[in-house]
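Letters are used for the chains, namely A, B, C, D, E and F, taken in the order the chains are written, and counting of residues starts over at 1 for each.
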Amino acid sequence: MVVIKGIQRILIEDIVRQGLLEDLGRGGDLTTDAIVDPGAQFSGRIVARQAGRLAGGGIAALAFELMDASVQIVLTRVDGAELEPGATLLTVEGPARAILGAERTALNFLGRLSGIATLTARYVEAVAGTGAGIVCTRKTTPGLRTLEKYAVRCGGGSNHRFGLDDAVLIKDNHLAVAGSIENAVALVRQNIGHTPKVELEVDTLFQLEQALTVGVDIVLLDNMEPETLRRAVEMVGGRAITEASGGITLETAAEVAATGVDFLSVGALAHSAPCLDLGLDGE
Amino acid sequence: MVVIKGIQRILIEDIVRQGLLEDLGRGGDLTTDAIVDPGAQFSGRIVARQAGRLAGGGIAALAFELMDASVQIVLTRVDGAELEPGATLLTVEGPARAILGAERTALNFLGRLSGIATLTARYVEAVAGTGAGIVCTRKTTPGLRTLEKYAVRCGGGSNHRFGLDDAVLIKDNHLAVAGSIENAVALVRQNIGHTPKVELEVDTLFQLEQALTVGVDIVLLDNMEPETLRRAVEMVGGRAITEASGGITLETAAEVAATGVDFLSVGALAHSAPCLDLGLDGE
Amino acid sequence: MVVIKGIQRILIEDIVRQGLLEDLGRGGDLTTDAIVDPGAQFSGRIVARQAGRLAGGGIAALAFELMDASVQIVLTRVDGAELEPGATLLTVEGPARAILGAERTALNFLGRLSGIATLTARYVEAVAGTGAGIVCTRKTTPGLRTLEKYAVRCGGGSNHRFGLDDAVLIKDNHLAVAGSIENAVALVRQNIGHTPKVELEVDTLFQLEQALTVGVDIVLLDNMEPETLRRAVEMVGGRAITEASGGITLETAAEVAATGVDFLSVGALAHSAPCLDLGLDGE
Amino acid sequence: MVVIKGIQRILIEDIVRQGLLEDLGRGGDLTTDAIVDPGAQFSGRIVARQAGRLAGGGIAALAFELMDASVQIVLTRVDGAELEPGATLLTVEGPARAILGAERTALNFLGRLSGIATLTARYVEAVAGTGAGIVCTRKTTPGLRTLEKYAVRCGGGSNHRFGLDDAVLIKDNHLAVAGSIENAVALVRQNIGHTPKVELEVDTLFQLEQALTVGVDIVLLDNMEPETLRRAVEMVGGRAITEASGGITLETAAEVAATGVDFLSVGALAHSAPCLDLGLDGE
Amino acid sequence: MVVIKGIQRILIEDIVRQGLLEDLGRGGDLTTDAIVDPGAQFSGRIVARQAGRLAGGGIAALAFELMDASVQIVLTRVDGAELEPGATLLTVEGPARAILGAERTALNFLGRLSGIATLTARYVEAVAGTGAGIVCTRKTTPGLRTLEKYAVRCGGGSNHRFGLDDAVLIKDNHLAVAGSIENAVALVRQNIGHTPKVELEVDTLFQLEQALTVGVDIVLLDNMEPETLRRAVEMVGGRAITEASGGITLETAAEVAATGVDFLSVGALAHSAPCLDLGLDGE
Amino acid sequence: MVVIKGIQRILIEDIVRQGLLEDLGRGGDLTTDAIVDPGAQFSGRIVARQAGRLAGGGIAALAFELMDASVQIVLTRVDGAELEPGATLLTVEGPARAILGAERTALNFLGRLSGIATLTARYVEAVAGTGAGIVCTRKTTPGLRTLEKYAVRCGGGSNHRFGLDDAVLIKDNHLAVAGSIENAVALVRQNIGHTPKVELEVDTLFQLEQALTVGVDIVLLDNMEPETLRRAVEMVGGRAITEASGGITLETAAEVAATGVDFLSVGALAHSAPCLDLGLDGE
């Protein structure tokens, strides 16, 4: 049984394998190996213990499968589905040693990714009807960025750049070195290829003015009050994509979105989402 | 300048290196490379933007050092220190390209680990004076267990087992397979070496009675009300170490600790701690 | 002595190390170890045996340095410099075993990268004065893309996307699946974040018309005759970046560039550049 | 479907996997994932766009298979076959996402290896009838030596040593250190085991005389004119294997071979062969 | 055919793969590839050439399987079985290239692990009837600890700690730093979690007295004469597990065991067991 | 302080690092970290507890150095030196945590390699004066072949091939597939390059006759009685290198060597040498 395959599997198989090895150490699962016969079978289901948005069902399945390819898994909910408390999201059946040995690893991935999807979904709901999108940042757990960005998409958000090399984002420290917005953007145009977009972080409407003069693809409007944001959006007038960032919470998201910005950038999606509580119940 | 060395460095250097590579991708830091001259210098400080407990100062330093060994870092606070908002925890000086390229990776480690230390410290404070300790679980981020367990120690907590192979923990699924507590413990005694401790999870005082009869090193008292916990501690009478687990929150921790248990087991320490907000300020 | 450091070193150290290990096998350098005393010193220079453009001086230096940190290297020419036959590009001095053991690996990197830079420079010269740029493709040697893209920049070219994940390029096979340009672009807009640019490959002016209607950031004008290219550039009228591709040679490059396209895409830069002939001469 | 297995697979699977990951980065194939439904199927063929010698059919197949084991591949030509323009060398059928995502990687391997096989075959043809063989050198692409040596065999050539540890080759720099041919060979005999052959590079007939006196297994006759080569072969009189090297081209190969040497050593086979032009056509 | 799966496979697959690659080098199996047709089949059996205890049958099978998943293996004896000279322990059938290429690697694992199991079994027999167990140490081959500890279990022994992190063992060098047993144990109690056991090495009955006063889980009675050991066991009186170590041989083991110690610690099990002589016979 | 560098370091650094990590697990050295202050210093010496031949001094030093580059090591004996009981072979001084944490790993490498060198030296002494050499086989510990082959050289032996790809050795199973010696050798000549030597295993003088007729570089005379070996050496008459193998022990080595064979092949050197007993003594 192969649940995840193709591109996704090539990208994440090693991460899941390392997760298993980290738990098994040098000696394997002492408890299970001592108590459970090699031939013993186990049958169970992973159940949500609280409401939330599912992300990582296939990854949990992969953890079991890497342990033993004969484990049978059925994903009863798809990633992106809303889970009610008590909902079964996957059933698992097969060699008990493999299932009990991979249980914690599978749940650790699933809880973290579903936690991110759940928080993202709450933000998306908060801005519903405004036309604004919710995007993540690079504030992700080291080693898990690909997975956490995926979880944001499961929650209905979309992804900002994946790393330092797939888009340009000029921030205050860069401006300090370059001396001016004009100079910074000119250096970028001169030194990088034509395929990445160029984004500029601005703190004031004065800086925004300069950004629009030299021309950039995206402006990051950092730490602006709603009223200032509204004026910024007007000034841009469609000449660039607009993102608001800085201290946006579930409480303030709707107000920020109402200013007309295209996207709200929320670092908390990946770095401060509590895990969704899930468990493996035997039958 | 070498900030982390010896055993710690051998254990974590690869994790930090992978964190950097994840951000640099194939093309490196497009923005910095375009704008910042190879010879340009940068000088700055990492500052806490909210109060919390520090963990990971040396890891942040290692991220900069791996990027360029000539970066000079001074740790102005040690791991385990309480940080007030605005506190500077390290200063960094050296090649601007290296510092700006490693900034996000350094902050991602620092924010996550300090977040864990901060939450742990809050639990430790909550049970102060009771003699009970706070311990973490295996509900950690895949790939970062060693670091997250370290952060728990920075917060004043202590570590439960690091994996499936350094202690035995017999849970309900194992009991279901073994048929009885007596049988499960006998199988463990027969099949594993004499160096790991044996812990047993019990849900009721009846199970506890059996556990004490066969003899185990640690009992995990799962999901018991304070009154039941108190009776359990009495029954054990020092014959085993006692741990309480299941839904313990900052609000309930003091009451649980007051029952006389030796340890409170709190999975949330690692899996649901929000990141501590930190930033790199140029000078 | 550290020649390459910072981001570049993090990105390529493992590639160079693997190159050395591939040559040393399990038994090391039998010949050198048998003949050369561990304390023997060697002093030499790497010399161009034909004219060309230099790329990879630092990588050659890194190969020697990884073998023995006490080797002293001076780069007498910088990457991007034009080399005349007989030109010395680096001098090396230190333990003879290390230098002779790394010689072939250093030269293999240097010859390949300088070969790419040289061919790129010839294309850049061919279009001089037209305003058009020369860009590479993803037709690179497996495992060496980061280095080969760097060599293209040393030759005066610029880089197209580094992989499948840093820009969108919709090709004929995608159009076949999507059914229409309109549908393909709509799916992309809906499913990806706002930071990557969207490029579309078109074979005809009719397709170009559709591309301009739905709006894309870059159009790849594939296999068009100069006259058609000229009309395409006119139709675009600055609404998108234009790239010409398909069978462009050193002979035809000037004519293609004269059509007004922004970039010429040349896969041969990386995949068919002959190595530049270089050698290590002892003194 | 498993196309490559046994020893070959063990040796190359990681190289192919790294090639795929290099292209997929952190975000995967943005274009394909956005446009192509997970369940969509694709059927196509890889076709030669110019004449050449095939090498790497199985490797291309492995790239598709690693992406998704359910892809069905039929190799319609075997490695070593001569391809006419338009010839189909493999057909591929299966999940469209996997096939489109692996396309470039598969073609990059195939184009490079077939390019090497093609150039080798041209050299082999050039010396047909002389009894001389064509051999490669260690001037290979870092990381791909095993594959490139294989491609040389597909072209009808044979392999010189794979690295510094499977045969001894004493060159001028070694002689400079050892002081004399006699001393160099004596040191080798004394310090290495009896299983590797010993080869010596000579530039003059005088050096050859010395080499024959001390006795070596192979002599490398470097940069000698045809007439000198002829005399060298006579002097050797079957007491050692003879190799000619240095600036041998397709134009001069026949003349060199006619001197009676056993092998012509051609570094260009691996380092300067242009890629063979191939493409994936949908059906 | 999958012989080893689940936890065991996750833990050892990479070790076996590296063993194969170490033998195949860059060029593969020259002899077999030259002589044996890709389609040729081979059928044979692995036979013990001397008496001994079997360990590693599944690992040998895995070596063949990793080479080619179509190889058919039947394990005719299970790990832990006593082998008489000439006994067949596994039969293998499938592609000849894969079987001959993996032969040496499979036998190297099997011979070493069975050698350890055999020596362990001799020690276990020597102490039969005394109630004492035989345990191994950390004196294992770098990289093979998990496997060698497993072989000890196949021989009827049991495992001491797997590494520095799963149990505490305070030795003389630690005591020298700490100043006293009391201080050393106090530091350990204060700095580590509650799950690992604490063991203390003592050389004299005076030290043992102190150890019992502060309380530890295990005492390692190092280099004591049988008479002293007997008194030590009496002094402990069940308050700690007792281990004897230091120069125990097959000749002295029974006498040491007769003193009443719980375990005999024998480093030689892993580090000085001669390989068991085994061979692959074709049919 | 860098004790091992150049080619040797590139080849073995990863093996030593893995050895350390295997011991440190996820939690590091619990005992040392708890008892020893980060700033504490340690000074000691590694001492031979029995007589033997040293191999691996630099590798032990590397283990300490990888743990902490500030550890100071002095090698007081060189590899290949004969050690008397009590001899100090290296002194070590520096951070106590690093030294105690690496102690076991350093000793494990040193004990195993010195054990091999010691056994080899005994064989070399046994055949002294006969002109015969002692060679090892591929029966080495998986993962440590490079190091074990080095240890054989430290003991005065020399190395047979390092793997399946640096020399041809035709054995009985190959002959069974090929049908005849003539056919097997012909296939080898036709399919492999000209740089590796060809060796053939023969069991009888009749087979030897055939081997000499077709011509090979080395003959392996397997399991022959001394008298038969003597006749075999005569038959060969210098036309090939001769090796005797099969059940050669320290007791029979001199008699075998006296037959005039060039080499005695002894698998036991690597696979059955007991570790040399060594220890780290604090000062």
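Simple rule for what comes next: a contact is a pair of C-beta atoms (placed from the backbone, for glycine too) under 8 Å apart; a residue touches a chain by one contact, two chains touch by 3 or more.
In this text the structure is predicted, and so the values were computed from the model without any measurement.
Asker: Going by the touch criterion stated earlier, list every chain that contacts chain C and also contacts chain F.
Answerer: Chains touching both chain C and chain F: A, B, D, E.
Asker: From the centre of chain A, which chain's CA centre is farthest?
Answerer: F
Asker: Taking the mean of the C-alpha atoms as each chain's centre, how many Å separate chain D from chain F?
Answerer: That gives a centre separation of 32 Å.
Asker: Calculate how many whole Å lie between the centre of chain B and the centre of chain C, each centre taken as the average of the chain's C-alpha atoms.
Answerer: 44
Asker: Among the residues of chain D, which are close enough to touch at least two other chains?
Answerer: In chain D, the residues touching two or more other chains are 22, 24-29, 32-33, 101, 145, 159, 162-163, 165-167, 192, 196.
Asker: For the complex, which residues does chain B have touching chain E?
Answerer: Answer in residue numbers: 133, 135, 158-162, 165-167, 192-197, 199, 217-218, 241, 262-263.
Asker: Contact residues on chain C for chain F in the complex?
Answerer: Touch list, chain C to chain F: 17, 20-21, 24-29, 32-33, 38, 66-70, 95, 97-98, 101.
Asker: Hey, which residues of chain F end up touching chain E in the complex?
Answerer: 15-16, 18-19, 22-37, 40, 42, 44, 96, 100-101, 103-105, 107-109, 111-112, 115, 138-145, 162-174, 176-178, 184, 187-188, 190-192, 196, 268, 271-272, 274-275, 280, 282
Asker: Please output the residues of chain B touching chain F within their complex, sorted ascending.
Answerer: Per the stated touch rule, the residues are 2, 5-11, 145-146, 149, 159, 162-163, 166.
Asker: Sort out for me which residues of chain E touch chain C in the complex.
Answerer: Where chain E meets chain C, its residues are 22, 25-26.
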